[in-house]
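Below are two complexes that have chain A in common, paired first with chain B and then with chain C.
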Partner chain A sequence: MRSIMQQDFRLATEVATIKRLKDLDFTVFNRVYLGNPFCLDFRENLLAVDNLSEAIRLVNDAGACPIVSLVAMPANDQLPLIDELIEVGLAAGTGGFEAHSVGVLHRLSERKDVYGLTIVAGGFSNIYTRRTAILYAEKGATLLVPNYELPWEAIESITAANPGPLEILIHGKIPLGLSDSCLLVERSDDLGTKCPDSCLSDLWLEFHKWSLKSFGKLTSSGKDLCLLPEMPFFWAKSIRNFRIAGVAEKPETLNEVGQVYRDVLESLQKSTAVPAYIPEQVRMASRYGLCNGYLYGRSGCDWVEQHLQAT
Partner chain B sequence: MTVLIGPAGSREMAFASIESGADEVYVGLLHWSLRSPCFEMGINQLRQVNDYAMSRGVAMRVALNTYPWEDDLLEFDREIARLRDIGISSFILADIGSIYSMHKDYPDVFIQASVAADVRNMDDVRAFEVAGADSVTLLRPAPGFVRKVKQETGMKVEVFAYGYLNYTYRARCYISSYLRHAYTSGPSSREQASGSFNREGFCNRACKCHWTITDGHPEVEGVTMNSYPFVTIADLIELLRAGIDGLKIQGRENSIDVVTEAIRLYRQILDGYRQDPAGFTIPEVTAESAYRIDRIRHREMKSRSAVMIREMLGVTPDASNRVQRNR
Partner chain C sequence: MGKTVLEAGADAVFAGPKGFSRRGFEYELTSEEIRDLCEFASSRGKHVRLAVNSYPDDRYDEVLWKTVEECVAFGIQALIVNDPGFCRELRRRFPVLGIHASVGASIFNASDAQFWKDCGATGIVLLCNLTPNQVKPIAAATDCELEILVHANRDFTFLGKCWLSSYCAVQSIMAFSHTKVHGSPNRGGVCYQVCRRQWVRQANGNLSTDLPNECQLLVTQLRDYLAAGVTTFKIQGREYTIELMKQMIALYSGIMSSLSESQYDLSLSGAVTIARQIEELRNEERRERTAKLVSDGLIAGGLS
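And then the complex of A and B:
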């Protein structure tokens, strides 16, 4: 097994169930976000607590860092679950927690027993500026995920304020919206599938030239974000934390796509050349094709052959 | 005492809100308040409205509840300084970093955490309080939640008299900018980002489009991401008893007729409650009026959504290029 301890980058993904976790290739990923924080109804969600300890142990045993992804935007009646997840996570030896809301981050900041762990301010925590990034860092966040809408210039301005390391979503379906309800559940009679099976079906939303994925209470992009061509740029800019969106993906897809990114990151670490093309398996993994997201200041679903230049 | 807060999507609407019985009015600063520029005001208009409001003993607050981006911060600070110069001391913000920063720079100003701050639980309330907010806006809260905020924090609570529970949480939705997002140079020094709700309020209303659920073949057609209109009237007495500090009338994008009718109706209710908090009930005819007003408002919003969708599809020009009549 390849040593992942000596690498100075973190390639992360998200896994929602113990079954999927067992099929994840830990030689590819060295940080794993555990649970589907967007929809507690997701089948066998690790946030249902039963399997969370085992999941943390599995990731730790594999030499990777487990992060418990806490319920993204909890209502009042879900706050006790947040506490329970923190307790279970701490007892099982989690490497950290992810919070998407200011309230959950605030709750974490009031607990001394999480000091020293990785506290991630997630992509829905709306970090648009250095001011919010610094505030979250003061509240104890040690890893910051800038808002998905930001172009590179805005991300770079945040890094200039040095609020702490940033983690960039580099591949997969971009999380675009959180809801209290699920379109597929609302239409379950028409579809003939019921929760929690609906979102595991191969169902998509299409309108005009656009596509979206309704995945429980999360709506994400139909296309897959692909920033593979920008990895040398990120590396040159000292970005070392990367995430491949995984909540809606099967482990085999994550392993295959993740391996491509890992190979590039290892080449960059060794200062060897990286391929300038996007491998076929990355293109083939996406039903609706690839997009650049917001990095170039365009619509998130656009795809252009463009590269940022490190100066 | 619960104050009635009316919208001011234009100078005329501001005057009408005040004349109809609002205790406070809220105005969106041009390019900074999650609405199309034609429902916002520049500094000059804002000053006129503030002067008028003050002469009538009515307070005014100014919304800058976009999520500013890094390039905006300098301009954001300048706008705040300008507003302070003309005597504005009450603001509506959404971004917690901006709230924190404003509170440090101007500890004496009143800061309302906007509905776009997505405050959903007690932890959120506490986080915003620590950051420097004085008040939170809650969307259709349970009376128990309001009571808890009042008992356990120093925060004021405002609720909407009516509004929408959108399919997605307000400031946690980037669907619009994923589909169509463009930067345009507007008349201000600030670059406008149409399509981004959080930055501009220029949401394309993609949730109102007719989507098809497909697995390769259409399974269900005409699917919209439903929003649920709500009218607080059935819970209003309980919310008043729970101690809400403000009842807010939405409607900067609505017609002045609808807004004034709503303000008069809720003025009547608040005055009735104030006279007899223990015994007051809302007459059925009043509740019916509230629902009727909401239906009209709903129709107006639907036609506005249709315009936004046509713009997204490129059928009509982009709203961000419209003349800024309120400057």
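And then the complex of A and C:
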């Protein structure tokens, strides 16, 4: 169990199955988003309800905060499942819920029993402006994830309005597109694999220097976002909530990369110097290299060498 | 284009003000042009709706509200928006103005619709992939005017939940007191349609793969959508030629007229044939424009 001092920041990741959760290092992560909100058919998805209670207990027992990541774009007939997930989460002692759509946020806002929990307006909820950040906060969101494609100037404009704490995606494959139907199911004959195995295969899309990772209904960046050099800047700007994308990553990769970020955050907390280089294990974890372009108003896949400096 | 489609039979036309819609400057109108269009529409008992369907950058608030106030004074019937916070602020400033949640707001279920209604929306543009049966619970949940795009392009992602373009290529262009971020429609620029490239799949051998992208041209289901609660049919058409738009409007005007007649099913078979011809023309026009966007994207992305 970490001390209160060490809880000053939150380093979060996403885990979709109980197996992966058991291999996650809770000395690295102190907030865990549970479930794959992009596809209910994902193998052993925690959102299939069966294992959700056990997952919440595991995270709580480890001294971290479990957040149930609710279905990102539920159809009408999936709304009862949203309610069921909320009920199961509450009964099991979840620390909160994540909503990627305004409808899910609306459903959460109508319940008194989620009051006091962390309600996250996720990256797909399209927070581009301070007006919307304030609106979501008034609807009950207590943690806001600005849209991934925003440059720092736009994020700063949101923070200036004080809508509540922001959580920044700092590492991993950037979610770039959500589909109603699964590309991999549609191409299963061609691929030679079937659901739910297809999205677990090592499947990438390339066009010249551009690369994407297809998880079926979710398409993510081929490169890994890496904002490690910007951590002192974020710290100086009083941002304390960070996420490493993990819904389809192996726990060992998350643990290794997460440890690098935790070490930096703990150094910042103690006001000691942080390394100015990106460790080899972070570079090696990415097949197509690293990117940080969005933060600088560039293409998301770009890498900008010059980093933000707090004044 | 705006005047022509109204003359051709459309009841209302959407116009994007410079800098705030999801298109290039060439497809947007100045305040003077919007005023002219409003006067033209009003003289014929028709309407102009303003498409502020990007997520307007906080930095351009002053220009944004000046534009909106001007256009409201010109007599626009409604605004179409994507940003929920902007919707709520619009409602506060203009208590009786029509406000429509755009298709990019990704309204997919009754709870999404209720959220927008609470923010002040009076209309909802439904996602193209909603069937009439999926529309019914949304209609039951709100009293908002429901619209559906009878003609649109359907990409493989939900509209409003896609950032593939800006991940690959971004180009900022300053004009009309704004920075347009091409590559990001949500930030007011064009989509470079990188999904239309021949991506090479790196698994089980290297195979080229097309990402799904199709023309939506609804014809046979219009009565079902009406029965489900849809009251407005919308044609996506800013980038197409006037001739093609006239043909689309004539097609749908014909179908709508026949809906109240016993000849509906008979006229529908003819309409399907016409729709196929229109689709071919549309695809031909789109090919050229898509090639231009893709080419621009390659340049912006440093691949050309």
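Descriptive notes on the structure:
Rule of thumb we're sticking to: the second predicted complex is superposed on the first by the 304 of 311 C-alpha atoms of A that agree within 3 Å, B and C clash if a C-alpha of one lies under 4 Å from a C-alpha of the other, contacts with A are read in each partner's own complex, and residues count from 1 in each chain.
Basically, a contact is a pair of C-beta atoms (placed from the backbone, for glycine too) under 8 Å apart; a residue touches a chain by one contact, two chains touch by 3 or more.
Since this is a predicted model, take the numbers as computed values, not measurements.
Bringing the complexes onto one copy of chain A puts chain B in a clash with chain C.
Looking at the shared chain after the overlay, A:297 reaches both chain B and chain C. With both structures placed on the common chain, the touch criterion links A:105 to chain B and to chain C. Shared-chain residue A:115: touches no atom of chain B or chain C. When the two complexes are superposed on chain A, the residues of chain A that touch both chain B and chain C are 73-76, 78-79, 101-107, 124, 126, 128-135, 139, 147-149, 153-154, 157-158, 174, 176-181, 183, 186-187, 190-191, 201-208, 210, 212, 219, 221, 294, 297-301.
The touching residues of chain B, when paired with chain A in their complex, are 67-73, 95-98, 100-101, 118-128, 130-131, 145, 148, 165, 167-169, 171-175, 177-183, 195-196, 198-199, 206, 209-216, 219-220, 223, 225-226, 313. Taken in their complex, chain A has these residues touching chain B: 73-76, 78-79, 82, 101-107, 124, 126-135, 139, 147-150, 153-154, 157-158, 174, 176-181, 183-184, 186-187, 190-191, 201-208, 210, 212, 214, 219, 221, 294, 297-301. Taken together, the chain C residues at the contact with chain A in this complex read 55-59, 82-86, 88-89, 105-116, 118-119, 129, 134, 137-138, 156-158, 160-164, 166-170, 172, 181, 183-184, 186-187, 194, 197-204, 207, 209, 211-212, 300-303. Within the complex formed with chain C, the residues of chain A that make contact are 73-76, 78-79, 101-107, 124, 126, 128-136, 139, 147-149, 153-154, 157-158, 174-181, 183, 186-187, 190-192, 201-210, 212, 219, 221, 293-294, 297-301.
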